[in-house]
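Once you scroll down, you'll see the structures, which are given as structure tokens.
First subunit A sits with subunit B, and in the next complex the same chain sits with subunit C.
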Partner chain A sequence: MTLNIAIIIPFIAAALIPLIYKKIPKFHIGWFAIIVSVVLFIYLARYIPSIANGNVIENTVHWIPAYGINFTAYLDGLSLILALLITGVGSLVILYSIFYLSSKESLGHFYTYLMLFMGAMLGVVLSDNMMVLYVFWELTSISSFLLIAFWYQRKRSRDGARKSLLITVAGGFAMLVGFIMIYSMTGTWSIREVIGLVSEFSNHALFIPAMILVLLGAFTKSAQFPFHIWLPDAMEAPTPVSAYLHSATMVKAGIYLVARFTPIFGGEVSWFWLVTGVGIFTLFWGSFNAVRQTDLKALLAYSTISQLGMIMSMFGMGSAALHFGYTVESTFYTQATFAALFHLVNHSTFKGALFMVVGIVDHEVGTRDIRRLGGLITLMPITFTFATIGSFSMAGLPLFNGFLSKEMFFTAALNISEAGFFSLDTWGVLIPIIAWVASIFTFVYSMIIVFQTFLGPYQEEKLEHPAHEPPIGMLVAPGILALLVVGLFFVPNLLGDYLLRPAMASIFPTLSGEELGVPIYAWHGWESPELWMTVGVVIIGALLYIYRKYWTGVYRLFPEKWSFNVFYSFILDWMEERSTAITNNYMTGYLRDYLVYIYLFFIVAIGGTILYTGAYSFDISGNAPITTFEAIIAIVMMIAAISILFAKSRLTAILINSILGFGVAAFFVLFRAPDLALTQLIVETVTTVLFLVAYYFLPEWQKEDVPRRSRNVNIVISILVGVVFTVIALAVQNGRLFETISGYFENSYELAGGKNIVNAILGDFRAFDTMLEVVVLLIAGIGVYTFIKLKAKKEDEHFEDQ
Partner chain B sequence: METLITILTGVLVSVATYLILSRSLIRVVLGTAVLSHAAHLLIMTMGGLKTGGVPILGGEDGEAYVDALPQALILTSIVISFAVTAMSLVLAYRTYQATGTDKLNEMRGIKHE
Partner chain C sequence: MKINNVILRTVAKIVVFIILTLATYLFLAGHNSPGGGFIGGLVLASALVLLFIVYDIETVQKAIPVDFKKVAAFGAFLSVGTGFGALIFDVPFLSQSFAYFNLPFFGETELTTVTIFEAGVALVVVGVVVTIILSISEDV
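Right, the complex of A and B next:
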């Protein structure tokens, strides 16, 4: 039960924050958010020993049991890693943001969105029910949208927010369809139950489509090629948001999804190639493009894309283990997954620290353009230290945790290239090569971050403010992360034993009998190819960095106008243009046109139904006889009605309308309805007077100057409406489906004490109705009065002028 | 008789539709008035016509009454449609005052003053 509440707590906090923010303006609301976040972190961390022993925690709150949709919170090793990242990095980011954001910003909004995101993200990783997972998944997209557009006054923020929303929600929608397909195959929404049933439906025709759709959701969320374009634009968000959502947590949701669904789809050749291929290409493309960036945050964005691709590809490689089932061989390939989980954590630490460092630089000197920065090392030594730790870890240098996971990545890439299945003997050799090339670029841009910002000449005239160290509070959060970066290098197995191994068990439930995961070593010996790959990366990377002005011309081969961004903008502009054109085409602003749509729909839908079902049979045998007198009135009314159309003046038209009204009254007399006749006579008289009064104020009506074509259309529509109306009325009269209920009211004397049945109905049986009717009259009366009497002041002057 | 009245209501509906589709505001209002006449006659017809006496108790013994329920409904409807007509007439009046035209096609695009 507490686990479900843990997911809900951030939402409650999000609801409370605006209230507290308003009531206690002096209190920095960030401290409240940080308390929530730290408490959740401690609460989740207490589960570590239990989860490490192989337990899982599960609790279900019934939500829509009729459809099998229940709020099932499920905590296993994999969820725990993500949940700890969400609350842990979340706490640090909030701490950092307290010093980063000035109190003039609308902090109430900021922390509300942040808490909303934290709750949604916890919901994603802790939900076992696919439907619930989807709801939280979209909530993360929405809160990300709100946070990117936090400085909504800037156009770039709004555009970036829209782009991220469009891409991630489109992917989420694809994922939803995939989930529904899975449900239709298995009949359950629970991921664990689906895993249990996997052997029964893996040959189903929808299996592959469902896989592709789920992957679309994962790839868009985790900014994989070609959906990566939203991430650089999302950097318009405040830096704490970039550090939190767009590097440490939200973009890992896609990776989490891939890991979670590995037991279902893993082992399939298409899953292997899609995940590995897209991942490894994203790794290369991201690192290649990061080198050309001049904005530090854009550089970090591309580097995040690249690192996400790397993690993604490792999950792809690891999924190959499921190809074999239970053999000893298969555990060999699971090492890739182990490395992926390890790097998932490492990336959050060093990239979080780097984002915070860039935020500090931006905050203190007012720019993050590397062409204007330089020489900050003497002025900001502490910041420089953190930047170095983060960058060197990202580059894969020893003494930092990034080195360990990068080596494991090389191991995995080499192992998989030698596997003899999935046509890996043909294409497998490409995997380590691309991985190695991408690592060189990674090394280059990591060096750019450190050396371009902190070394070289200090150019104060190019900066907004002179450089100095930030307030101590801003240094705490990146400091903790930097400590983790170094600490994990020395005690990686602590993390491995307590967090990564339990997560392995949840990704490979069928292999749980085996000992999964390997002890992490920094040193593999002189013969290991990984070591020489790293050495190669460092040497070639250093050379490329030093001589980069000689080869960056290669980027001219990939001009901006061929990028996916341009394609995206083109599609967006085109859709906007087309939809505006289409909307303007039918939303003309003329009452007549809208009514034509309504009438056409009426004719087609109702008339069509009658024609289609053949309900237009008539029977006139039960009719009452017609006397001459009645026939005359009917014919007079018809003639009068038609002649209204040809009336030359308003007066004629109004008088003809009263002919109709009095004709109706005459019919009421003939049809034994004296009350109606009386009312109709009075009302018709008053209506006629009203029309005549209005006549005095309104202009004489001119002959309708309608174009001939639209007048013909009007005539045709009018006649058709009348015909359909008549046909329905006649058809209904034949089909008496049930007895009339009016006999009940004939006891009106016993029931209501009235001899006039109509009066008894109005005044007693339906008295409440009648009262409300009087209220309607009252409202109409007030409306009429205000329309005539009350005028806006400005208009008064306006009319006096006339 | 029912068929005749139904056809009459059909004619009224056609005329009302044509009026409502026109460009002049007062014609549109007139159209709604005609439409309500048609509706009242139709409801009346649906209850069956001239099948008995006036629905007031205490008349001749054994005589059947016509259906009283539609009459009660129509009575409500007459009053409401009167309110609607009055309201739309005043609306037309104010619109004319504010915009200087009673042509619907000319009103489009006139900014609120």
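Right, the complex of A and C next:
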């Protein structure tokens, strides 16, 4: 139960933040957010010993049990790592942001979105139910959208936000379809139950489509090639957001999904090649493109893409272990997964620190362009230290945790290339080669970050402010991360034993009898190929860095014209153009046209169904006889309806129209339905009043000069609608297609304690409908209000286009 | 446009109270006889609409200084909130419950959580109806 509450707490905090922000303006609202985040971190960290002993914590809150959709919170090794990253990095980022953002910004919004994100992200990693996971998944996309567009006055922010939303939500939608396919195969929404059942379904026709769709979700979220294009544009967000969402947590959701679904799809050859192939190519493409960037944040964005690809490919390699089932050989390949988990944590530490450093540089000197930066080492020594630690770790140099995971990555790539299955004997050799080449580029851009920014000549005239160290508060968060980077190098097995090993057990539940995971060593001996690969990376990387102006011409081979970005904007423009054209075609602005569409559709759809099913051959002989009262009311209503056509003024028409409504109410009285009669009476009264209020705004009522042709069309449509309605009303009593369920509601006094069955249905049996209707009504009310009251002010317009 | 409609005003003053009483009755009766949150809310709203017609909007707003948008929002919060309230007692979302109590004055009375839910419905209806009518009529 507490676990479910832990997911909800950030949402509650998000709801409280605007209130507190408004009521206590002196209080920096970030401190409230950080308390929430730290408390959650401590709460989750308390589970570490228990999870390390192989326990899992699970709790279900029933949501829609009839459809198997329940809010099940499930904490195992894998979710714990992610959950600790979310709350831990979250706390540091919030601390950093308190000093980064000036108090003139709309901080209430910022921290509301951030808390929204934290809750959604916790929901993603702690949910066992796929439907619930999907809901939280899309919530992370939405909160990311809001955060990227935080400076919504800038056009680039808005475009970046839209791009990320379109790509990730499209992927999420594909994932939803994949989930539904899985559900249709297995009949359960619970991931753990699916894992138990999946062996029976691996030959199902939907198995491979479901896998591809789920992977689409993962690849879009984790910015894998070719969906990586949204991540560089997302860098328009404030730097704390980039550090948190777009490097440490949200982009890892896709990787988490791949890890979570490895027990289901792992061992399949297509899964192996898709995950490994896309991952390793993304690793190369990201690092290759990072070198050409001149904006530090864009460089880090491409570097993040590349590192995510690396983690992804390691999960792909690890999944090969499930190909054989349970053997000693299979556990050999799980080392790749272990390395992936290790690098997942490492990446969050060093990349988080690097983003914060870049944020500091940007904040203090006003630019992130490496062509304008240089020589900051003497002016910002502490920042320089953190930057060096982060970059060297990313480059895979010893004394930093990145070295360990990079070595393990090489080991995994070498091992998998020698495996004799999945046609790896022909293509497998490419894996370590691409991995090695990509690592060289990684080394080059890591050096660019450090040396271009902090060494070389200091050009103050190119900077907006003279350089100096930031306030101490901004240094705390990157400092803690840098400490972790170094610390993890010396005691990696602490992390391995307490966090990574339990996570392995949740990724390979079938292999859990075996000791999964290996002790992490920095030194493998002189003859280990990994060592020489690292040495090669450093030597060639250093040469490439020094002589980079001689070979960067290679980037001209990939002109901007052919990039995926151009393709994306082309598709977007094309769709906008086409949809505008199509919409303008039928949205004529004439009320008559719209009514024609609606009624024509009604006639075709309903009338067609009646013809198709033969429902028109009804039998009314069993109906009750028509009494005199009923006949009189019906005749009055008919007269009223026809006389509306001949009304001379609008007021008369409205009043005659209300006769129809009151006539219906009279019918309800005759048929002994007091509830309906009351409701109809009052609704009719209020509607008439509304009509009269709106009446004031309507133009003079004048005889319409309608062409004869469209008048004839009107008559035909009116008669057809009337006929269809009459047939429905008469035929509806005849066909009993389904068993009646009203018997259930007759027990309302025992089940719901109410004698009024109608209300027992509304408020109890089918309260979900009522609740949503109430919400819809509220939305409609707000809609009308905003339409009328909040007309855009003219002077706000230029504000949008900076 | 000022019309001296003394009779209407005098009648309205009394009738409004009758309507309000009816609204309360309908709301509370809903469990066992015709009535309920929706209709109770509508009757309440129509009482307010009558006031708006008979007096002008400024006068009524001075007498009843309530922001009806907030009323509607609070109602929706109440309705959805009872749904989540059920989760606290470890039963499915929106489960309603009822029990009989011996209250001092009322004798044995049935108290239900549906009443809270229905109160939410009623408040949304009042809030939305009045908001719509007010915003349309004020937009001159």
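Annotations
Please note the rule applied: the second predicted complex is superposed on the first by the 594 of 802 C-alpha atoms of A that agree within 3 Å, B and C clash if a C-alpha of one lies under 4 Å from a C-alpha of the other, contacts with A are read in each partner's own complex, and residues count from 1 in each chain.
Keep in mind that, in the parts below, a contact is a pair of C-beta atoms (placed from the backbone, for glycine too) under 8 Å apart; a residue touches a chain by one contact, two chains touch by 3 or more.
Remember, it's a predicted structure, so these values are computed and weren't measured experimentally.
Judged by the touch definition given at the top, the superposed model places A:789 against subunit C, while subunit B stays out of reach. In the superposition on chain A, A:637 makes contact with subunit B only, not with subunit C. When the shared chain is aligned, subunit C comes close enough to touch A:61, but subunit B does not. Of the two partner chains placed around the shared chain by superposition, subunit B and subunit C are both touched by A:770. In the superposition on chain A, A:739 makes contact with neither subunit B nor subunit C. Partner contacting the larger number of subunit A residues, of subunit B and subunit C: B. Look at A:527: by the touch rule set out above, it reaches neither subunit B nor subunit C. Of the two partner chains, subunit B is the only one that A:701 touches; subunit C does not reach it.
Of the two partner chains placed by the overlay, neither subunit B nor subunit C lies in contact with A:461. Applying the stated contact rule after C-alpha superposition, one finds that A:755 touches each of subunit B and subunit C. Taken together, the two complexes place residues 674-675, 679, 683, 686, 690, 694, 697, 755-756, 758, 762, 770, 777, 780-781, 784, 788 of subunit A in contact with subunit B and also with subunit C. By the touch criterion given at the top, residues 1, 61-65, 71, 674-675, 678-679, 682-683, 685-686, 689-690, 693-694, 696-697, 752-756, 758-759, 762-764, 767-768, 770-771, 774-775, 777-778, 780-782, 784-785, 788-789 of subunit A touch subunit C in their complex. Partner subunit A is touched in their complex by these residues of subunit C: 26, 30-39, 42-43, 45-46, 49, 53, 69, 72-73, 75-76, 79-80, 83, 87, 90-94, 96, 98, 110, 112, 114, 117-118, 120-121, 124-125, 127-129, 131-133, 135-140. Across the complex, subunit A meets subunit B through its residues 588-592, 595-596, 599, 618, 620, 622-626, 630-631, 634, 637-638, 641-642, 644-645, 650, 653-654, 657, 660-661, 664, 667-668, 670-676, 679-680, 683, 686-687, 690-691, 694, 697-699, 701-702, 704-706, 714-715, 717-719, 721-723, 725-726, 729-730, 732-733, 740-742, 745-746, 748-749, 755-758, 761-762, 766, 769-770, 773, 776-777, 780-781, 783-784, 787-788, 794-795, 798-799. Taken in their complex, subunit B has these residues touching subunit A: 1-15, 17-28, 30, 33-34, 37, 40-42, 44-58, 65-69, 71-72, 74-76, 78-80, 82-87, 89-94, 96-98, 102, 104-105, 108-109, 113.
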